[in-house]
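Same chain, two partners: subunit A is paired with subunit B first, then with subunit C.
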Partner chain A sequence: MSATTTSTRTTTAAVRRLPVLGLPLRRRPLLVGALLVAACLALAVVALGTGDYPLTPLQVVQAALDPSAGFARTVVLEWRLPRVLAALAFGAALGASGAVFQSLTRNPLGSPDVIGFSTGAYTGALLVLTVGGVSTAFASATGSATGATGGGAATTAGALAGGLLTALAVYALARVRGAVQSYRLVVVGIAATAVLHAANTYLLLRARTEVAMAGAVWGAGSLSTTGWGDLTWALGALVVLVPALVLLAPALRQLELGDDAASAHGVRVERARLALVVVGVALVSVVTASSGPIAFVALAAPQVARLLLRGPGLSLLGSALVGALLLVSADQVSQRLLQGVPVGVVTVVGGGAYLLVLLLVRARRTA
Partner chain B sequence: MTGVRRRPAALLALAVLLGASVALSLAVGSRSVALGTVVDVLRHPGGALAATTDGAVVLTQRLPRTVLGLAVGAALGVAGALVQAVTRNPLADPGILGVTAGASFAAAVAVGVLGASATGGGVWAALLGALLASVLVQLVGSSAAGSRGRGSPVQLLLAGLALGAVLAGLTSALRLSDPEAFSALTAWESGVLADRGWSGLVAVAPLLAVGLVVALVLTPALNAIALGDDLAAALGARVWLVRASAVLAVTLLAGGATAAAGPIAFVGLMVPHAVRWMVGPDQRWVVATCAFAAPVLLLLADVLGRVVLRPGEVPAGVVTAALGAPVLVALVRRARVSAP
Partner chain C sequence: MSGGPGSRLEARGVRLAYEGRVVASDLSLAVPDGSFTVVVGPNACGKSTLLRAFSRLLRPQAGAVVLDGAAIASYRPKEAARRVGLLPQSATAPEGITVGDLVARGRYPHQGLVRQWSAVDEVATTDAMLATGVEELRDRLVDDLSGGQRQRVWVAVALAQQTPLLLLDEPTTYLDVSHQVELLDLFADLHEAGTTVVAVLHDLNHAARYATHLVVMKDGAVVTAGAPADVLTAELVEDVYGLACVVVPDPVTGTPMVVPRGREARRPR
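Then we have the complex of A and B:
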């Protein structure tokens, strides 16, 4: 299964390489990357300027740069910037994590939201909140108090533990006679998601009402409560994770070629894989701990990036950029068009539709 | 043919289990009622005992709830057996395939947006949603196979997952954007049998009955379908007619069950497997036995949901998911997934 997917990937890439707008292949990633960054920045400025107190893009830039801008500066920097930054950073984290897992499983469906890690991370965070009784963490997660970084640490740790345990369980259960077949991984992941979802419902039902109400909104995946308090915590964690991912990227590239080829190139396969799983789960967990499970960004971003870059493998940076762009746009859709429906709902609908299309296209290709 | 020899013992065990689960469902809950009292109340519904609190609890709450569990369980179990037989896919289940999600989304639109009543227009909308969702999932899931008309088990599962995610997302978007209009629908989210009274059941009972009859009439033809479409056609079965009738029956059963109790997954997955182990692969036996085995599971799940969170309750649909997902893992871990 894995061998055939890799080979079809390389052949389609080889066919597509020649007529790429007359551009030499190497320039394409740079160009696409620059365009993605520009699009992210443009959307961010638009997002900073829209709302109950509208500002033109020029006013946004002025308010951000000029300390004497007064109220406009408060609106842009204190009210809107945390949310936009969160959307950019979390989207990038989800996209990168999706690329890691889709590369590791060599399966476009092997992303953390399909195989249950996001739900597991949410279960871990919920356990810390409802059973562990970390009230400050809850306050920070729901944004009713700012600056409760200690609580943020506890929820993030809970989310990380939940995500890692889920990953371990799913891999162990999907492994039959030493081999993890990708279809089995996906089905086991679906089952794990169902069990964890049931567990989450149970935890919310037995929690105190006010905890449960806020937890349910958080559970839909929302950026609306993101303030500077828990954002600094999440960004701090990402600052640690990104260099780790950069260090591991070459090993990931080698692993895509197969375990044998990778070990022939001097990669210590099991160690590299374990490290990548830990970093990938950690990325998802940080996002989940602070905004709840935001589904399908990790699934879609790497594949969209692959379409744009037309390379043979999955690009971590490209996936991160596309993820950031997707989440900022989804957040704008949820705020402006849908009267504040949580962004997680928007990504579920959009991503689910995308998955349906992906299945149809795949079916056509194999038919 | 080991299943055939197990039949008498299996049916006996099933009858005992069904009786026990009905008794538990009537007696257990936030207020425990002694079994003797339950029997007395049921024998003399107009008597003095019925006027006590225990009697009122049994008659007005536990009894409708138990009958609803029996009807919905039977419908979901039979729907699961049909879906597995028609798609020849051992992992199929109306809940996992998004059929119940389609039903609840359509019902939410009808009740919340168009202002239909939950027992009138809502039921018909649920049926329409179930029909559209099952056809769509079949189209996406089976398009891989082209002429052979049979999708890989995982393809179908993923199509259902994606469709279910989209529909559940849309339902919650509707609900969150206007909480007032949808307050009546919150209980539909995760499959609740409690507090529904008789009206919901009465509204869907005819649909479930028709669905069950169609399913039972279809069973001989399903045995032929199990051999493959070509062989079935050679044996004289009109394959397209059988498939269309099966989709109709699944729509009536799963759509009706969802309209009455909300989306409940995994019952239709687990029960047919257990039943095939008990009575063998003959679809006539499988479908008929599922109608009695599935209510056992659903009632026990409902009772379990009342016990684990006293005095609160966990919805039955949540319990069936927690019980059923490990079965899905076990099925996919088997080296060869046996065809239904």
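Then we have the complex of A and C:
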């Protein structure tokens, strides 16, 4: 009862906050963020320098900055940069999307790659390619470095439609008496993933051999075919989606407090949630349309970021940075250590190990 | 029933229903300005539903909730949230959040694209923590607090909103009796400082002790409303709750105190 009479005690220094969003400025997140950015840049330089035509980091920087660098410049800017940029941008998109859905579902398993959204996006893209017969898009998947910008639009649209329809169906099925239950959402999502996997296999079996071959490689999730063509298309889409996400971030932070509290604070809960789902699915779909479904980055990045930052909830920016770092690393592993095994395979294996650790840690904590 | 001259928040003939199940068909209630209004009634009488309507969580199917003379549904949500605050029954703190950061989130309705975090927000956050006695917990994790402390933090979140009206949905549920009284005293302090408080409570004796305006509901309708001393009688409790009781003056405050007869009522006298 006397707790309100302690005014003589010295007040703790108030946390300094960013004027934008009132985010607290603390040493740890700033330091971790800076380290993540530095690690991404360092890995990018290394990635730009390794391959059949090896370059030292210094040579990479020179080649990038000096227009008269000749062949080294071609190697760095034309051959390798699109792939490295794609790994960074797509990793960031997947990480941010994972943070959105794990926050909305309040569940570390409520990630777009687990609850069927990326599989659905892949189904949508496959439908466009096999049924719609847009063969040009597969020029990129079959390895021609020319890049097929025209097909990019159609497959991205297909992927987006597939992802959104899946999200809609999963949300509808997870709704009980007007409220979406997180646990039910995950279970329904896993079932949807299984069904969509079967659909994808069927689509590939029905397709012409060369289309099916390319589709299967693509379906494993690969950055090996990324050229400037699809990349500009994907980056263009991300340029629209990122500001949208920034605008929605404050509402997402209020939604973490529960629907009632968020609503009492003046969030239009249903509208905000719908917008977040659309943006989150779009982020995954853009990546899927360009590189196939790359699993587990969206699942792991937000949780890794949370462990590193120790901040409240899941950080969108932190998840994006960790996602970028994870995908660039996984792509290097796939290219250098495993002789071109698709990066999606690397992330699945790495993600499987991560899931086991997650389950073991949780089991020990609750035991 | 007329709310008299001063009522900023009022339900006018509202029909409240969840997915077809009608809780109240024609409910009117005015919250007197500057009052500590407490709504009581048996389970499923519609008291929490009414509070949900007051706080825009449930849209009436007919009638309207009126805030400052205009239908509350016609307000921009943030504008309404600057006038009416809510302590919800179920709120979740994000894992790893500190008390200070959680309370700061109560400033959301005061922020926008143009109006970002400022010294005003900092002061409001600190004031809310001082008022609820959680300022010294500022850097502690909400996960590590006791139930009573945590509920105080959630009150601070609602206070940081700096609303002239504050709604409390069963704020003392799950707390032990000392924390219940502590929290109700806090609400009484807030009320004395000028906030109009509307609370849904289960405990009739708490209601009688703290309310300046007691509203008794049954089956989606208001049975009676007024000062506890005028309203709370043994006949009313018998009628509304079906409970035989005697009402005596509270030895501490003199407000009516309900003492159930229970099985003693059946014994021959």
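Simple rule for what comes next: the second predicted complex is superposed on the first by the 335 of 367 C-alpha atoms of A that agree within 3 Å, B and C clash if a C-alpha of one lies under 4 Å from a C-alpha of the other, contacts with A are read in each partner's own complex, and residues count from 1 in each chain.
Going forward, a contact is a pair of C-beta atoms (placed from the backbone, for glycine too) under 8 Å apart; a residue touches a chain by one contact, two chains touch by 3 or more.
Just so it is clear, the model here is predicted, and its values are computed rather than measured.
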Note to self: Which partner chains sit in contact with A:T201 here, subunit B, subunit C, both or neither? Use first/second/both/neither.
What the structure shows: first
Margin query: Just to be sure I read the superposition right, which of the two partners does A:G351 touch: subunit B = first, subunit C = second, or both, or neither?
Written below: first
Margin query: A:D52 in the overlay: touching subunit B, subunit C, both, or neither? Say first, second, both or neither.
Written below: neither
Notebook entry, point to check: Which partner does A:P250 contact after superposing on A: first (subunit B), second (subunit C), both, neither?
Noted result: second
Item checked: Overlapping contact positions on subunit A, where the subunit C interface meets the subunit B interface -> none
Item checked: Interfacial residue positions of subunit C with respect to subunit A in the complex -> 18-19, 55-57, 76-82, 84-86, 88-98, 100-102, 104-109, 111, 113, 116-118, 121-122, 126, 130-136, 138-139, 152, 157-158, 161, 181-182, 185-186, 189
Next item on the list: Please name which positions on subunit B make contact with subunit A in the complex.
Entry: 91, 96, 140-141, 143-146, 151-155, 157-159, 161-166, 168-170, 172-173, 176-177, 190, 265-266, 308-309, 312-315, 318-319, 321-322, 324-326, 328-329, 332-333, 335
Checklist line | Contacting residues of subunit A [partner subunit B, same complex] | finding: 109, 114, 173, 176, 183-184, 186-188, 190-192, 194-195, 197-199, 201-202, 205-206, 220, 295-296, 338-339, 341-342, 345-346, 348-349, 351-353, 355-356, 359-360, 362-364, 366-367
Note to self: Looking at the complex, which residues from subunit A come into contact with subunit C?
What the structure shows: 1, 3-4, 6-7, 9, 11-12, 14-15, 17-24, 106, 177-178, 247, 250, 253-254, 256-258, 260-261, 263-268, 306, 310-313
